[in-house]
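Before anything else, here is the set of structures, which you'll find just below.
Shared between the two complexes below is chain A, which pairs with chain B and chain C, respectively.
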Partner chain A sequence: MGRFYNTTKGVIFMSIYIVTTMVIPYFTFTFIKNMELLGVAIVLEQANYERIIYWVSTFGLLISSCAFFNYSSPKQSIRKGTFALIQLILNCLYIWSYKFSGATEVRFEIVLELVSIGAITVNVQNMVMLYMGTYFLTILLKGYDFLDFIINRKAIREKRYKTTIGGKEVS
Partner chain B sequence: MIILAVDYIQIIADIVAAVLNFLYPIVSPMGLWMINWMDYVLQFFPQDDLTIYIIIAIVVVIIGAIANIAWPGNKRPGILKKVDEVEEKIERKLEELDEKVEAKVKIVEDKVEEKIAEIETKVKKKAKKAKKKAKDLEEKADELEERVEEIDAKIKKKKKQKKVKTEKLEEKAEGLEEDAEELEEDAGELEEETDALEEELEELEEISKMLKKN
Partner chain C sequence: MNIIRPSRIFRTIVRVFLLVFTLSLSAVGFLGGFSAVTILDPDSYNINVPDGPIVANLNISDPNSLAIILPFNITNAGVYDLTNIEISLQVSVTYGNQLLGNASTTVKIFDLFHNFGTIAHGTFLKSSINGTATEGFILANIPSPSNIDLTRTPYILEFYGNLTFSASYSLNLYTFTTTILNYSIYKLSP
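Now for the complex of A and B:
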């Protein structure tokens, strides 16, 4: 566990978060924007699309940067606990930004031969609320971890700085 | 009966739905609370400027990189080393102080023991003297008691003698009283005899006068 290892780990996880929170949602919504199903074009409204992409980008950036800080920090350190908690709260905001930007109630227009014949509205608000509830419990857990890191700081540090030779502790 | 892939999906969907339905009344209020505070917080987020978020992200990454390169966590930080050194110095000084205190305590203890021994010897001597004095006093007390007993016996004897004497005197007084009474009676009789004699004298004198006249 050295500098290079920490930084590499941070970069890897930052990349993963960039892909999952920014790249995949971007391509998904771009794909949905002009989706055609059985010859029927389902069009995502332009204003909705731009708002969703804006919030996905903002929170994606913040989450990815926090992920870098979190995963490049040493195990059981206070900074790791702090940024893990911040990252989790940002994750909540990220998910809720879908609702805020209108993504939880997406309206698709069904266009047949350049004529709009109707619209479909997908409402996933209840599912998001359920998801938020589980996130709340996760925040509690992370908060407990954070407190644990603060309270047992000395013990954690002593354990971490213990040098070992051949699996045996050397004081 | 052959279970198709679609059926599997349906079974999984049913299980997930059951779990979600079970958890919904517990987790949903928490979710509602989360949504409330997030709605409030999101008002303060800039909604048309991505550069701020980019700057924040870059700053966080740079700070994270610097912090985790400078303090990777596998070595004790320099500040902590200094703290350890200071703690070691404090411990050493404390040990030295403890040793000094122990040495002084030993010296004081020795002195105290010596004084205690001296005091004990003095106390023993005084106790011996006191015992001797007590013995003497006891002897004197015994003597005095004997004397007192003797005096008591003498007093008792004298009292007895006095009693006997008084009894004798009383008897004598009674005898004398009786004699006095007898004498008084005799005196009465003598008076009566003298009166009678005086009367006889007077008669004789008258007779003699008459005789003279005659």
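Now for the complex of A and C:
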């Protein structure tokens, strides 16, 4: 696989991560910022909205740039292992940012005729914690990959750079 | 011939497990979101708290006759059970307190919390919260008629309610709480 293939793969995955970690959350929170339910305005507080968007964008950018380096690196290389591990840790921080930015417990003010008459609070903390559990298992797997790439480096390199003539291996 | 290293086989097995786990989680999340949209659809009126007028006897001159009936109707149109359904109602009264120089005073006279358990998906719960002098009303806080300023304007007595409705969803992964504050129940004019 050539450099062009790896770079293209990196760009494609970076684009996917930009869409999933930044664009979709941005439009979702912007959409729910001002809703109307049964004729009553349901409003997400501006400060909460800005804090959520800030943290989601920050970690989204870091994850997307890491995704480029991860997916443009050669398969089973130490570089790939390193960036995959960094990306995963950033993913965890990204998920965690939903908690500390207040996105796991979103509070909407119920506004009727410009007066707040109550609030709707949606708590998705348990869901986020479950995702964190999955990411933790994936971190273990990436750590395992990293060790595997180091321990079996010779075998990986031999396989990667083996010479073939007419589809047959030459040893 | 390509020989797959044993370490890669182990990795693939764990990776498949993680993929299935993550996909399941995403499916649960998606269905939960879809159900929330279905239940909260403004045209469907699935959650009606209160469902009709609140019936109340707030004659504080006869504390034993005090009563509040809050009807509600919740339809679970989603794909998961609605669990830990809790409804609480507090009522406070504002009046001119003669003991304090007719200063406006607000006291909580009613506080009732009820857990209605679970509503299975596709079913509904039509019930009511019933408060009586012996259940819910805080008789010690009810102002004595002799201490009420009867000349207070624009109202002698103002009754306000705080209503809280909460429930969990998607295998308890989502919890939502709706609070309505200072809902005007009744106002007594001079």
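As a working rule, the second predicted complex is superposed on the first by the 168 of 171 C-alpha atoms of A that agree within 3 Å, B and C clash if a C-alpha of one lies under 4 Å from a C-alpha of the other, contacts with A are read in each partner's own complex, and residues count from 1 in each chain.
As a working rule, a contact is a pair of C-beta atoms (placed from the backbone, for glycine too) under 8 Å apart; a residue touches a chain by one contact, two chains touch by 3 or more.
Not measured: the values here are computed from a predicted model.
Colleague: With both complexes superposed on chain A, which partner does A:137 reach: first (chain B), second (chain C), both or neither?
Modeller: both
Colleague: Taking the superposition as given, does A:119 touch the first partner, chain B, the second, chain C, both, or neither?
Modeller: second
Colleague: Does chain A have more residues touched by chain B or by chain C?
Modeller: B
Colleague: First (chain B), second (chain C), both or neither: which does A:160 touch?
Modeller: first
Colleague: Have a look at where A:145 lands relative to chain B and chain C in the superposition and call it first, second, both or neither.
Modeller: second
Colleague: Regarding the shared-chain residue A:66, is it in contact with chain B (first), chain C (second), both, or neither?
Modeller: So A:66 only meets chain B here.
Colleague: Is A:79 touching anything from chain B or chain C once the two structures are fitted on A? First, second, both or neither.
Modeller: first
Colleague: Do chain B and chain C land on any of the same chain A residues, and which?
Modeller: Residues 126, 130-131, 134, 137 of chain A touch both chain B and chain C.
Colleague: Any idea which chain A residues touch chain B in the complex?
Modeller: 1-3, 5-7, 10, 14, 54, 57-58, 61-62, 64-66, 68-69, 72-75, 77, 79, 83, 92-93, 96-97, 99-100, 126, 128-137, 157, 160-161
Colleague: Would you tell me which residues of chain A are touching chain C in their complex?
Modeller: These residues of chain A touch chain C: 36-39, 110, 116-124, 126-127, 130-131, 134, 137-138, 141, 144-145, 148, 152, 155.
Colleague: Can you check the complex and tell me which residues of chain C touch chain A?
Modeller: 5, 7-8, 11, 14-15, 18, 21-22, 25, 29, 32, 40, 42, 163, 170, 172-183
Colleague: Applying the document's contact rule, which stretches of chain B touch chain A when the two form their complex?
Modeller: 20, 23-24, 26-35, 38-39, 41-42, 45, 47-48, 50, 53-54, 56-58, 60-61, 63-65, 67-69, 71-76, 80
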